[in-house]
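Every chain is named by a letter (A, B and C) in the order it is written, and numbering of its residues begins at 1.
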């Protein structure tokens, strides 16, 4: 008994020394502030086990809108932000909150709406579809939550020459909700809504909604990943965070992203610029 | 209607199969809300006891404030605790944001006023009944309060259950402070919110049924504890 | 009345008022050890207030009250206030509240329950007893405290005749054991059976204060005559 205990104590000391000598990221965990589309589409559930197996680093995902995710990072409450609003991401890096932006992947937005398409919005040009919805004054559900999808939607309204927020029209439903909740609302109201394809493919409660516009190059939805600046927030796990970023853009990470499919359809497309 | 049937079947399937993720989420719900209830009770019951016996001028305003705080919106509690626990906030060094500890803090803040306000009223009502007896027996103020706490133990148990029920059923505070991280801070209510936003309505309802069942079991346990305590009387 | 110089209760010129209404008015009483005093009068005459004054549950607005310390008194209410515990634990609680040791409390409790014929019910939940049993338990609690002064506020109102008899038996035995008793009651028969002296009150004042026999055979005041005729 006694020798065994002494042996254990010696083993513990050796282990401790080894740990001190070679600081390892094994067994650590990082927090990733990301968007509802990546979480709700099931991408992370597909992606993270592969990374955790490869690195031994546990990834905890907090899913919010892009705006809130960036704010979580800005406050130092996450190690990584993984979002889809390139302009806001550049600002995040420019104000010193993040180290640098790395492009990871893209998916695309689609406009969905009632199968009967009362506004005749179906087509290949997203801006003329938005114009058609405005002239018909048919119900349109907006995220209204400063998310990446919301930012894209506002961009299309601006290109269509419409400012739905100042018109305060009844047809424009500013729901202030996440993608899934907005889709539920649109399904219940039989309204038009802009959604990312990934969430749409994973969404089950579609009722009468169908894809009406897709494929327009303006509908591309770029996802970027940024390490929160350790110079601003000293507790940020820079080493572990960087290895997550490195893995995402590695051949392994990119092929894992490409292999995520729902019903045979690919949801996200690798897009790492090395 | 088929949705309800589907969800009920799904609920039964989840529970019968002992679904590992469900068990983990359910356990965390009970652990977080149970701990919050215990901590809240340790703060609220002494506060209520103090309020019952004090003649201080702050008594009336404190009572009104506690009663009003029963209506604290969970998201506001969540937001305030989020700002406090954020790395940029005053308690950031604890590193409790997006952890079960943070969720316990938020729920404790949420239900302490509920337990304190209800316990205070329960003790006050009992005091009215017992005051003359305690006076004639020459009990001190604190002896009286201690006896009141014991005499109202069954009512106070219900008060604690009300606090626990509020905690385990709320989603706003745990969502903000916990972040709904899978396997870390995902509890029953945030899982339900997630399933709903995925359009998985049957699965969301099934989880709702499981949550109700958990609450039912906790209440049944409390009821049997009460019966067991009462069993020594013939 | 052997020691006229040493009353157990001495109330001198006491007024009690709550807000603008007078509850007791110019009350002066001396009660001596061993006396059995019945306090009679209509509802609201001030009977309960007089008892509460003696028990220090009520403070005089003016005047002077000398009464035994709380530890030497016991008070019985019309509606017994029982704790949510067993019959036995109700008595033990009262003894422990008076800082009796646990050994003594257990022994005295058994004696008190036996004296009040409650021994078979010792482990029943007090709140499930009948009205008469509950009042007997309140008396057992008082009995255990061996008070010098026992104050009983309409202890048999709402009780069935058999229970009234049992309660009176216990009161009588406590008196024989040396307690001085002040009994507020509506029951004139009870006053006749138990009391050696009657204090008759009306509108917060003491109208008559004479020995029991005199009160019932030749009341002097109009109020007392009307009360006895009613």
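As a convention for this text, a contact is a pair of C-beta atoms (placed from the backbone, for glycine too) under 8 Å apart; a residue touches a chain by one contact, two chains touch by 3 or more.
It should be emphasised that the depicted structure is a prediction, and the values quoted were computed from it without experimental measurement.
More inter-chain C-beta contacts link the pair A-B than the other of A-B and B-C.
Set against the Cα centre of chain B, the chain with the most distant centre is C.
Each chain gets a centre from its C-alpha atoms; the one nearest the centre of all protein C-alpha atoms is B. Chain geometry summary: the mean Cα position of chain A and that of chain C are 79 Å apart. Separating the CA-averaged centres of chain A and chain B is a span of 33 Å.
Note on chain placement: the centre of chain B and the centre of chain C lie 46 Å apart, centres being C-alpha means. Contact residues of chain B toward chain C in the complex are 129-130, 132-133, 135-139, 143, 147, 151, 153-154, 230, 232-234. Of all residues in chain B, only 86-89, 92, 95, 97-98, 179-182, 184-185, 194, 196-201 touch chain A in the complex they form.
On the chain A side of its complex with chain B, the touching residues are 31, 36, 39-40, 44-45, 60-63, 75-77, 178-181, 183-184, 187, 202-206, 233, 235. Taken in their complex, chain C has these residues touching chain B: 52, 55-57, 69-71, 73-75, 77, 81, 83-84, 86, 93-94, 97-98, 123-125, 128.
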